[in-house]
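Note that subunit A is present in both complexes that follow, paired respectively with subunit B and with subunit C.
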Partner chain A sequence: MSRAALLVLADGRFPAGGHAHSGGAEPAVAEGRIRDADSLASFCRGRLHTAGLTAAALAAAAAHGVDPLALDEAADARTPSPALRATARKLGRQMMRAARATWPSPDLDALASARPRGAHQPVVLGLTARSAGLGPEDAAHCVAYETVSGPATAVVRLLSLDPFHATAVLARLAPELDRVAEQAAEAARRGIDALPAASAPLLDITAEAHAAWPVRLFAS
Partner chain B sequence: MSVHARARLRAEPDGRGGTALPVLESDGPLALRRTRSPHSRYARVTVVGAMSAPLNGDRLAVEAEAADGARLTVDAAAATVALPGPRPDADPSTYAVDLTVGEGAALHWLPEQLVSARGSRLHQTTRVQLASTARLLLREEQILGRHGEPPGALTTRLTVHRAGGPLLDQQLTYGPDAPAGWDGPAVLAGHRATGQLLLADPSFEDAPLPARLLGPTAALTPLAGPAVLVTAVAADARLLRAILDDATRELLGGLKDGF
Partner chain C sequence: MHLGHTHDGPAAVSADATRPDGTRRALRIGLGGPVGSGKTATVAALCRELRDRLSIAVVTNDIYTREDADFLLDNAVLPPERIQAVETGACPHTAIRDDISANLEAVEDLEDAVGPLDLILVESGGDNLTATFSKGLVDAQIFVIDVAGGDDIPRKGGPGVTTADLLVINKTDLAPYVGSDLERMALDAEKQRGELPVAFTSLTSAEGVGPVADWVRAQLAAWTA
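Showing the complex of A and B:
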């Protein structure tokens, strides 16, 4: 595996559009559930161990070579919110464009033509990792990190939270990120039926509320 | 001594427009009774808790099948309360529910609440196989602790397949064994009751319902397949049931043949 390729893929400046999404932090701030660095940390933990674990395992399975179309169906079944399915497919389409320019491969071409409107983003990311010569743990780490870095970055803008404090939240989560990525990669090796389906009721409910806001800072 | 019990039931069309129950097997604390159904085409079975269960270490299972063309309602006489039991070192209890719904069949699976009492550890799995023209109404409610007490450790997984493909797969993990953040702003934010109402019906294939909020803590969402899921959180069991009852009435009222 190439450590540098992992840095390129995980870089927040990788042109895959993730910066426009708050990962559910925008409605949580609006409802007063995220008010400061402590409540941000609690939000990130909850998201990491639910939606984050589920997405990381889908990515790890794609990186491991499991059929991406079967994983895309599994992702749909794990995403009851149509707003979140639309977001995942939009981000998947954007990541696919960046991935085919960066690490072209027949696998990426095949998924792009089978899902022209976008596959779920974690599936695309996992396949991208595979095309870049990276492994299931790498893909799982990328997704687990995105699960918490998106909300942390968004809350800096939404609450004018000190960026040093937001980054400290992420740094303190590092050991848990490693554990979730390991758990995801381990599940991925046991096949599609063993993939976790951890979910968070409030993320699903508030995603639908947020999608209906007439004006919002973040797309999701 | 822990309890191992497996109850089974099977519903079939009786040939006279109603539904027969050729298999109705109670086991241990899981007592099944045929009860009067308000709908003539449906058979109704009520799970009567003959003793309190599950205690930690117990292994309970229910298998129910609505064969092609059958119509079955299964409900319960009382809430299921997961309790710690006498041995502090016992394994978690398990409660496995396996449901099969055949072509043209309908199943209403409407148990009472699952209450996770302090000190209990329960792993519940509900697996459903739907034929492509099967219809399902399923409600699950998780109540975290009896009144005013902290919850036990509760994991529930709901996996639904339709025509062999995945329709819904969700796991919820709460309480002292859950990873941190389960009660935080992304997951429950202090709510102590959570519930799901799933309605799968082939008519949604051509006419899917739009997503919609049902108050500030509940949403009705169309799944990727022909089904809708209501996801709700509430402060307590009573408020949760009110949300799910309203949604049930509205959803069933919207179906053409009043399923």
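Showing the complex of A and C:
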């Protein structure tokens, strides 16, 4: 594997649309659940061990070579909120565009043809990792990291939180990120039926409400 | 940029001149500029001027609302299916320059839904003087400033003023009231831009957008030549 390829894929500046999404942080800020670095850390930890673990395992499975269309269905089954399904497919479509420009492969072309409106983003990311010569652990690390880096970046904009404090939150979560990525990759190797299905009901509920806000800074 | 790879899937990667079915895609023109300079009014006037002869669609990049899209809808310059709003996560310049995914998706969806199109106008959210469009998103860009924003803006320059394919200096009717010197603005703009064109507009009359519309027609003629 190429360690540098992992850095390119995991870079927050990878042009795959993520910058317009808060990972549920915008409604959490509005309702006062995130108000400082400590509460941001709690939010990120909760998201990491629930939705993050599930998404990381889907990505790891795609990187491992599990059928992406079966994984796309598995992702739907694990995403009860229609708003979050729509977001996942929108971001999957955007990730696909960047992936085909960066690490083109017949696998990516085939998934793009089968899901022209977008497959779930973690599935596309996992297949992208595979096209880049990366493994299941790498894909899981990418997804686990963006599960927490997305909200942290958004909260810097939403609360004008000190960016050093927000980045320190991410740094302190690093050991947990490693554990979640390992757990996800291990599940992925056991096959599609062993994939975790952890979820955060409050994230699902607030995502539905947020999708109906008339005025918001972030798309999700 | 395509690494020698053939794309046989459903969507072109970014700036490809043809659509997946082999037809030529619409010309894409970006409109950027500071908040309140008249980007949306220019888009609306262009649509009114050109819609009888051309098949047009608009992508708006509002910063946190659908105001711009709603303005175009309320003024009925185009039917609703020809207007798409993109959400930009508090960073309008990112969505038109650094990560153009959502905007590319919007222009492709418009071509799929209401195409074939001749022209897609991509309006950025109101931003600062450094905001420019990626060449992966648009074929040409217009930067809109106005006389009331200060007649020193052309002198200050910046990527928008200096490099846009057309600089529009709007609200010329206000110049006497805000003490802006149009001649000085024209001279400063020329110093910054060399041969690149500048259009002075006042959109208080229907024909005010004329110089911009003429420029767009010339771009289209070159695109379809």
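Keep in mind that, in the parts below, the second predicted complex is superposed on the first by the 220 of 220 C-alpha atoms of A that agree within 3 Å, B and C clash if a C-alpha of one lies under 4 Å from a C-alpha of the other, contacts with A are read in each partner's own complex, and residues count from 1 in each chain.
Basically, a contact is a pair of C-beta atoms (placed from the backbone, for glycine too) under 8 Å apart; a residue touches a chain by one contact, two chains touch by 3 or more.
No experiment lies behind these values; they were computed from the predicted model shown.
**Q** Quick one: is A:R33 in contact with subunit B, with subunit C, with both, or with neither? Answer first, second, both or neither.
**A** A:R33 contacts subunit B only, not subunit C.
**Q** Answer with first, second, both or neither: which of subunit B and subunit C does A:G191 touch in the superposed model?
**A** neither
**Q** Which partner chains sit in contact with A:P163 here, subunit B, subunit C, both or neither? Use first/second/both/neither.
**A** It touches nothing on subunit B or subunit C.
**Q** Return first, second, both or neither, reflecting whether A:P214 touches subunit B, subunit C, both chains, or no partner chain.
**A** The second partner, subunit C, only.
**Q** Touching A:R13 in the superposition: subunit B (first), subunit C (second), both, neither?
**A** second
**Q** In the overlaid three-chain picture, which partner chain does A:P104 touch, first (subunit B) or second (subunit C), both, or neither?
**A** Touch partner of A:P104: subunit C, not subunit B.
**Q** Enumerate the residues of subunit A that count as touching subunit B in its complex and touching subunit C in the other.
**A** No residue of subunit A touches both subunit B and subunit C.
**Q** Taking the touch rule as given, give the residues of subunit A at its contact with subunit C in the complex, in rising order.
**A** Interface residues on the subunit A side: 13, 15-22, 90, 93-94, 96-98, 100-101, 104, 108-109, 112-113, 116, 154, 157-158, 214-219.
**Q** In the complex of these two chains, what residues of subunit C are touching subunit A?
**A** 1-3, 5, 7-11, 13-14, 63-66, 86-91, 94-95, 98-102, 104-105
**Q** What does subunit A use to touch subunit B in their complex?
**A** On the subunit A side, the touching residues are 24, 28, 33-34, 39, 42-50, 73-74, 76-83, 85, 176, 196-205, 208-209, 211-212.
**Q** Could you list, by residue number, the parts of subunit B that touch subunit A in their complex?
**A** Interface residues on subunit B, with respect to subunit A: 157, 159-160, 165-173, 178-182, 184-189, 194, 211-213, 216-219, 221-225, 229, 231-233.
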